[in-house]
């Protein structure tokens, strides 16, 4: 284990990661067999005193809970975690959605940021087809160190926010939509093609990735470097 | 010729079209050999007393001018036409662009509408990265019978306008952009995936098509039916 | 609520919309949790005295019916609504389909237009592989203020209708088809590439969107402006 | 050479082909260096007493003409050939185009069929945006043993013809078009997704391929088998 | 009904088709509601004395059988039909497959051709990865008036057959395959890009379409014109 | 059967293959009906004394087991086989994965190579997001005659390995991933676009194909030619 | 001008932007006519005392220089600017490239960041095919507040850097590459599909966008908020 | 330079590569500025006593020749090199093409293999539309340690060769083709979807990559390990 990882046979846990990057390893639960998932959760919990996973199913939750009773599960975000009790949340991350269908991805982003110590403000259902809803909260959003814009369909929210705030906007395209908007590629391409400045984008439905980089930025803004 | 068309050998001019649809046949100049184009212009001018063509090159203009000295050419829109002197423009069509690069397509739309008798108001460079520019003219745009939204890149202008006005919005995606926005498909898909209501879309860079259907709507709104 | 919307926490209902655009907010039911959907229906019914939603499932219908017994559901169009009793339908909107598989989308379009006060005439199964069926009703279609052409596969109906009538044609590509025609993109691209004039297009399977813009055009043609 | 081909070093001429398939080898000129092209023409002319090539440039024509003075070149179809004088054309192949921009591909098809002994009737510029032009010649087209439908943009001509005639229709999508219609894929997909029966398709702009298979069908219909 | 079709309300049966094209209307069963399908089968059987449908499910078969006991169903091809007893099959159509997975599509083609009176010879599992299997039957295939090449994955069978026979080859790409070969587009594109002559292609999995056009060619070769 | 294949009616078993290529025919089980699969297994076992199939389901396993009790099935790789007892494994093939989700494809590759006599070393979960895990085993990997790099998502493992070893790397993209990485095309394209030398690629999820070609290379390196 | 923009007729300069976002408006020169570009440069220079444009051609440079002699042009980055003399660069932004072909995009990023006050360290030609080059500078890169990873082809550099540093990585895919890597989509998709954390991406070749958001992050890290 | 590379400022030459992989660094000339290219050639020649580059233009050749007079250039393959005089070529690599248009890519492959010490046999213009040409040389091809199959259009050559030989086949799709075959993706996908075994593929037009991996395999087969 002096290589900085713990070899479980089927997996090599990156025990070194927290020291290297300031963030402990996170589990992408989707598609992992329950037997293996339980082992990974147990090992990471033991190593780090807490453990955080995304895209967990209810069945996975129940399998892990049988072994780690203190694990908690959020149905909307599908996050499965054991979190330390004494977290102090700092800074300011704004998580915005265009519609209600974007909320699960937004919650994955928001709860990821919170797990890593960021303070999050939520602004949901403020899409551009009713601009007055966005205008009413624009000044609150502009105070965040980093803005996460979660939108499917035509993804215009990222561009409009990019034009209104001075700090970085992380666009998260969602797979919400149908026809040419199905699967999220239209929203992704729209965010990448934005006419606004200060917008970078993560993969479709990757709320976790947005929450992670927003945390990095928030930490830097709070003067702590990105490591906790 | 009792079939309703005039056979030039290489082409069958749709002489019947004005009676059938209220609009005379228009020439898509791009790619037509000059020799043939001149014949088409001569025949249509003779039949209709005026003639209108889109996507003409300067070389085509010069070839036609040699035979029809009264023909005029607009470099921005690439429209080549002989127009009757006594046109009365009626109604209200708003032609909007997101950026300056969208102006050539917007002019194709605007001048098409004007050729067919529509009154046009232009609102250029009002893209969503600087919403205050759009907000300043929003009330004027809302008075139009039909709004044409010309935008490349992420094409968000159509959605934002669709949320602000009560009459139909015709989206025209442009091929302005680069990377994933190159060629106009991102703007097209964004407009088709719009979260706003009352938006329909034409092909990429098809200013003519937008000007045409806007004229149909404008005529209906002015109580004249779509025929002049 | 002076911002023009009603905040339900998970959603911000656009109470302002009817005043702003002449159309009350419509619910896209697909994917909405029943608990939330019921709240949205209750609030919109209370605000507007009627409520209209598309793409509802039978389960959603039953959940809403438990709370709003007067709600009605149409299996073909999947529309779930409470409609005022005294609607007077005016104008003339023609809804056409190429085949029988296109009828669900066509009904979404037709019933949307009817909900918003438009008079609709239906012309189903008149696709181009048997032109005589189309020719037999061509003159009736041509009298409409706006024609909706619903077609999957190669989507040729929109082009053929565009060449025969003088008022606007709104193309609705459907996801009917297989092989390269699967999903509706072939029909969509064919409609966008049409050689006919006066055709604009909405997203694949977006009957609602076509019914909406056709209503706007129909209202303008009937001299009422687009607001009711 | 007892393997049935003649080895030129850089190429292996399929001398066997006429015996095997009833058609001598044809040269695809595009991209071939002039020096090599001249050698190929000389060898094939020597073997077969005639030679036929497609997609030749004017420069290639001039290079070949310097060595084979009797070679002829058609600018529209870009066909470069030496043809026997005593060809008797039999049967009936109808070559149709939607627009004037489709004529070069149609001529490649027509002249290929004629080179291989088929009698061709041409019906150009009969696209579906003006159905009366097509209806006026429909009965003549229906008499052909095989119909070639050449169309770009939305490619609807193949479907409409397929619904009107009883013999096979070979669709040739062309790269005519712009926006989503650019490059010919929309026309190709539309022809493949046709709701009509009796339509098969060749590659975009492949007039030669259509002329070839139409000749095979025409020969079979004329009772000669496909070999001359 | 003097328009040449029978209006069932939800559908317009093309009663005229047999006179117009030599082939009675065929039913595409997939996706049709059982109630409607039964009505269509009853009406077509009454009009034509036989009825033929493709892509039927077992449930559809049972629904039709309850009303039309003499209907028969083939699980492999999914064809549901009532066929006249006294069919005489003539001519020669070769139906070939690359692998065993292509047999369902091949059977749809073969049985379509047989329903319309063609004599079919089957050559299955002769793909190019074991050329000796193809070489062993090559001469028999070459005697057919028309060859149908059914292949998924890389679709090379159509090219190889095109180089070996002198009559037309109709390629049918199948959706057999995975990775970049999934869905059949690779096989389709390969067939369209063939370096062989005399190959035309129908949509992915469209066995019916291939059987239909092969019948047209077979009829012409047998000197009967395409009408029976 | 002197044609080198055994005709089962529905299939032509390539009995000749082992003599021709050094490898007996392998069965692609996916999608094969159980009845047919059993016949194929019986015939191949009889011909070759062993039989090997990929992508088998549990149901297929049970059907074959009922007739061939000695058949064995591996749930991870989905390989269904009867293997000779006395295999001697030689050479050195390294099978590497980026993550744990890539293990099923890697096992298909590894067990294929082992069935054909190759000695395999496994290096799993050494993806580039934690380079230290890869660096710790780099020297062992470099000793292999051939390296198989199995990776989904961005597929960077193939490039990094290609830069570190001197023998051939066979990249196997997997369909692991979501958003733009879904389906494996991103990993495939990344491997094909590699900036490293000595990397060739097989189809997405094609562990079998990689195991096969690695065996060919391993045999050559062990001085036996590719035939056993 | 109280709307916060200056209307030049053809363009509406966003004079308000510096106050709103902390960054003055930047000019995207590509495709702008020289006459208009000169006016834009003059007006922005007058408003802000400096002016910065990207993707300028040499011809545009010469046109602007004729009117603004102090303008400077960098051939590699194609940046055309007038910059204030007394800029103090602060913080730490690392700009890395995989190959030499990525340098023009990297310079656009680096010089953008420098124009807006960021201190930049450059690490060029450290792609993953020769990992030792990257390892030699890894510790210097890790000290940056933000890392920009510029790479074409398979774009693996962003993933590898994401796994090695603790601060945000902004990926910039470049259009360097050929075959499936042409145009930059493979690099883009690879970066979006990254298995590493803390990576967000901008559009293909969008060095400017990366330099902009890196500046925002760098300013936050330096405790100044994003506004200068 | 103890990091194993030589830093030229704009580039880091991988001096370590020959020791690490058995192959010296090769220059991808396309797009490199002449000034830089000359420096790279000079440095590599100095380090290795020879230098090899691909995709060089004539202008680049002339620039390098001015400084390194002994450099040689091959117009067909576009290879620019200084090669040691005393190369002994060993082993057996077969380079095959489907058509004459594939020869430039084939020569890039062949000359790469020869530069690295492999003996090459060329088999050009043996595509599947005339199988007898391929059959005549099949036995010679089968003797090679590795077969390179270069083909555009439908790329069937790789599958047919894969079924005929027992050693590895490296497929090289070429961008030869038009319509759906344009750009080489159809050939690439066909090769990846091959029904044959023992085929791996490199990027479109990547003759160099195929020559490189074929050399690795050839060296292993000749018992020398992959290092020279």
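Chains here go by letter, A, B, C, D, E, F, G and H, matching the order in which they are written, and residues are numbered from 1 within each.
In this section, a contact is a pair of C-beta atoms (placed from the backbone, for glycine too) under 8 Å apart; a residue touches a chain by one contact, two chains touch by 3 or more.
The shown structure was predicted, so the numbers you read here are calculated from the model rather than taken from an experiment.
Shared contact partners of subunit D and subunit E, listed by label: C, H. Number of steps on the shortest path from subunit D to subunit G, with steps defined by chain touch: 2. Rounded to a multiple of 5, the Cα-based rotation taking subunit C onto subunit E is 90 degrees.
With every chain reduced to the mean of its CA atoms, the largest distance from subunit B is reached by F. With centres taken as mean Cα positions, subunit E sits 51 Å from subunit A. The distance from the centre of subunit A to the centre of subunit C, with each centre set as the mean of the Cα atoms, comes to 36 Å. Taking the mean of the C-alpha atoms as each chain's centre, subunit A and subunit G sit 26 Å apart.
Residue positions of subunit D touching 2 or more other chains, listed in rising order: 129-130, 164, 179-181, 185, 188, 192-193, 197, 203-204. Applying the touch definition to every pair of chains gives A-B, A-C, A-F, A-G, B-C, B-D, B-G, C-D, C-E, D-E, D-H, E-F, E-H, F-G, F-H, G-H. Of all residues in subunit G, those touching subunit A in their complex are 20-23, 26, 145, 164-168, 170, 188, 192-193, 197-204, 209-210, 212-213, 216-217, 220-221, 223, 225-227. Only residues 98-99, 127-131, 153-156, 159-160, 162-164, 177, 179-181, 185-197 of subunit B touch subunit A when the two sit together in their complex. Those residues of subunit F that touch subunit E in the complex are listed here as 3-5, 10-12, 14, 16-17, 30-32, 36, 173, 175, 184-185, 188, 203-206. Within the complex formed with subunit E, the subunit C residues making contact are 100-101, 103, 124-126, 129-130, 132-133, 136, 176, 178-181.
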